[in-house]
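Common to both upcoming complexes is chain A, partnered first by chain B, then by chain C.
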Partner chain A sequence: MRAIAAIVRGMFLELLRKKDFYVLFILMLVLLGFLSAQTFFDIEGISRYMRDFGYTLVMLLSFIVCVTFSARQIPSEIESGTVYPFLAKPVSRSMLVSGKFCGAVMISAITFTLYFGVFVLFCFTEAGRAEAILLIQSFLFGIMFLSVASALTVFFSVFLTTSANVAITFLIYFFMISFSDLLRDAVLAGKGIETLGLGVVYYLLPHFDFFDLRVRLTHAWDPLPLWVVAAVTAYTVVYCAGLLFFAGRLFGRKKL
Partner chain B sequence: MKRIGIFVFVIWLELLIVFAPAVDAYNHTFLTGRGMADIPFYLKFLGEGQSILSAVSVLAADRYFHRGIGHADDRHEHMDEYQDRKKNAPGANRANIFLRIPEEIGVTEHMHLEQDEVKEIIPWLYYAVKIDPHNVQTCVIAAYWVIDRLGKTREGVNFLREGLKNNPDSWEINAELGRVYFQDTKDYDAAIRVLLRAQRLLAGSLHDKFQEREVLSFLAYSYKALGENEKARSVFMEIGRLFPNDRKMKEKIQELS
Partner chain C sequence: MESVIEIRDLFHAYGAGKKKWEALRGITLTVKKGGIFGFLGPNGAGKTTTIKLLLGILTPQIGTLSVFGGIPAIPRTRMKIGYMPEIADYYRYLTPGELLYMYGDIFGIDRKILTGRINELLEMVGISESAGRQMRTFSRGMKQKVSFAQALINDPDLLILDEPTGGLDPIARKKMREVMISLRDKNKTVFFSSHELSEVELVSDRVAILNKGRVLKEGLLSGFLSAKGEKQTLEGYFLEIIEGSEKG
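On to the complex of A and B.
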């Protein structure tokens, strides 16, 4: 545990040193400020488009920080040779992968909390009770979304270069956000071997769409039922654990 | 070598000073002649893509009107009907939580925004027109919501006037302005002016007789409101010719005789 804590601490300090986090934060402030300054025909109280843009922005910017940060962890350690002192200590390769994952989740959670806080300040100055529950659910889902993204990026970073990792993770993200419904329909409509093939793809790909509460939050729908929150949490835990297990195994076999 | 470099740089700079203003002046004259000089740079950058973006913005307005739920396909099936159909699909296994999660997370109930809430669609309609100033239908729809549903007559009229500036040959905007002048501001002279223009433009474009009837009706009532009964009667007669079986129109014509 001490080794993991040391890795996490190192990643946190790296986050503070890097400019990406601050640049994206300022960008978000500027965009939200610009949107909130917009007026339409002198009509007061128009807020949903702000929530829509704001939530999308929070998720996207946190995702960018998470992926770009997590993707370079293991390759840069190998390139610079700093991985050897680590492994010389009683730190197993699986533990290094787990440490990198925990660090990635922590920095993503810090980033997301800050961005989400700004979003709430801009868009939810007068939230009702139902909206407060939905906001908590959105926050929780955001953290889980970033955990899956971190696990996926750390998994890819074991055998891909940083740029390839970032590109593939972004492609998977946009594919799942845009086409997971179509994939699901194809699984339901398919027959025989076709269903099997599509089903494998459907179940293996990370379901980033599970964490997207944008429409619900924007249009003030009711909060999610508890069983859905529990199911998505279980999915996140199982998916992350699986990816980390395989990442550890692959990294263990990798020649350094 | 260094001298040659400086020489080439000086020549390049001089050519730039000579040609750049000439190209800029030509561009400005070209765009002004086509009413495009005032278009913001991002719209010039978008090119023809602006009409697509504008249409996307209108679709977003429609989705907002249905509280975030779009139409499932071209048949305009609502999402709740679509989800019901999917739930009953042969491959759908209700015990499979994994397949049910997206259904629960995505909202499916068919609802419309009500009363004051409809203001939430306005930004999308506004941007649709800003992105593509020639999107006449959206300009008229936006004005309808702003004036009739949200009571912002002055702002709506200004919006329509701006639309008219960008689309002077649009009978739709002229007709809408006429309707607003007649119904809301009671400025019958202005209503007659724009409705006559709408009638003239309408004659030169594809339309159906119901659209023509709407323009003529407001025109006739505007004349009537100003006490110009003879002109009102002749316009009612034009409507009568469009709808020969309309008894009420015959009564109106007789009333004004």
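On to the complex of A and C.
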């Protein structure tokens, strides 16, 4: 565990000393600040619009930090040659992969917490009890969303270059957010071998749509029932464990 | 004397089919405890491949090898090994102290002991004044010094160095030689590959000369240099052996 903690600490220091995190944070402050200024002019429905936009912004910016940070971890270890002195120490390759995943989740969680905090300050200054529960659920779902994104990116980073990894992860994200309902309908309506193929795609791709509580937050609907939260948590754990298992196996076989 | 490294009929190839390239073609080698072993050969001789196999980074395809009697691919076998790679651009946003702390943590070294050891190592390699600077501002020589320090963080019984002197100034080279000699005096083992034959000649007890994946000569350095009855340099001997193997 100390080895994994050591990897995580190194990644945390890197996050603090690089500019990416701060640039995106300032960008978010500027955009939310600009939008909140519009409320002074009594534009109808601006509060809902702000919640919708603010939530999307928080998720997107956290996703950008998460993916760009996770994607470069293993390839940069190989390119810079630091993977050799690292693996010469008493750590297995699976431990290195696990450490990189834990680091990526921690970095993403820190980023998300900060961004989400700002979003709540701007958009939920007078939240009721139901909204507070929904906000807590959104926060948990955000962390789980970023955990799945980290696992997927770390998995791809074992065999893809950083740029290819980032591009593919973003494509999957936008595809699942936009078309997962259509894909599900096609799976349910289809017959024969096509359905099997579509079903494999549907169940293998990460369901980023499961974590999206934007509409619920925007319209201040009721919080999710507990069993849904439990099911999504179980999905996150199983999906991340599966990806990390295969990432460890593939990295173990990789010729360095 | 107890052997630290045992290699038997080791083969290793990269690629497959027409692209297959045999890096090692059946090398056999034993390194005894408590000495400095020079591992020499021209580019592409198989030195780095052998080192990667010794560290468990690659796995043997044919043949066997053991380090301290264990299989290097098992992490705990590497507890007593220190390794300095030929080139490594260490984490640019960390300071040397943070890097050493991270590596020390991986070995599970007690944190109080670790802090003292880090200061001692940074002092020893001569970068204690730059200890608070991020490594992206370091020159190649400074990075090599950090690399040497990290190889010693666990007070290893076997120190493996791959071309360690590249980019180092004469003072740092001298310091490195002194450390290698002090490790030998403590009955520890140093295994190092180098093109700098004058460096090897200054410190090595035994050497192995490798070419095209085969060990051509292995034995006491003093024995090789005085074999013809007249003292010759290691460089002269090395060239004679390599050129002889190319012709034959």
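Following the convention adopted for this analysis, the second predicted complex is superposed on the first by the 248 of 256 C-alpha atoms of A that agree within 3 Å, B and C clash if a C-alpha of one lies under 4 Å from a C-alpha of the other, contacts with A are read in each partner's own complex, and residues count from 1 in each chain.
The rule is simple: a contact is a pair of C-beta atoms (placed from the backbone, for glycine too) under 8 Å apart; a residue touches a chain by one contact, two chains touch by 3 or more.
Remember, predicted model here, so these are calculated numbers, not experimental data.
**Q** Applying the document's definition of touch, where does A:Trp221 land relative to chain B and chain C: first, second, both, or neither?
**A** first
**Q** After lining up the shared chain so the two structures overlap, which partner does A:Lys18 touch, if you call chain B first and chain C second: first, second, both or neither?
**A** second
**Q** Determine, under the contact definition given at the top, whether A:Gly81 touches first (chain B), second (chain C), both, or neither.
**A** second
**Q** Please indicate which partner A:Leu256 is in contact with in the superposed arrangement: first for chain B, second for chain C, both, or neither.
**A** Only chain C; A:Leu256 stays clear of chain B.
**Q** Looking at the overlay, does A:Arg9 come into contact with chain B only (first), chain C only (second), both, or neither?
**A** In the superposition, A:Arg9 contacts chain C only.
**Q** Under the stated touch criterion, name the partner, chain B or chain C, that contacts more residues in chain A.
**A** B
**Q** When the two structures are overlaid on chain A, which partner does A:Lys89 contact: first (chain B), second (chain C), both, or neither?
**A** second
**Q** In the overlay, answer first, second, both or neither for which of chain B and chain C A:Val232 touches.
**A** first
**Q** Of all the chain A residues, which ones make contact with chain B and with chain C?
**A** none
**Q** Given the complex with chain C, which residues does chain A contribute to the contact?
**A** 2-3, 5-7, 9-10, 13-14, 17-18, 80-82, 84-92, 95, 255-256
**Q** Enumerate the contact residues on chain C facing chain A in the complex.
**A** So the residues of chain C touching chain A come out as 14, 52, 55-58, 75-79, 81, 83-85, 87-91, 93-94, 98, 101-103, 105-108, 134, 147, 150-151, 154, 160.
**Q** List the residues on chain B that touch chain A in their complex, please.
**A** Residues of chain B touching chain A: 64, 67-69, 86, 89-92, 97-99, 101-102, 104-107, 116, 119-120, 122-124, 126, 146, 150, 152, 155-156, 159.
**Q** What residues on chain A touch chain B, complex-wise?
**A** 38, 40-43, 45-49, 180-181, 184-185, 187-191, 195, 203, 207, 209-210, 212-213, 215-216, 218-219, 221, 224-225, 228, 231-232, 235
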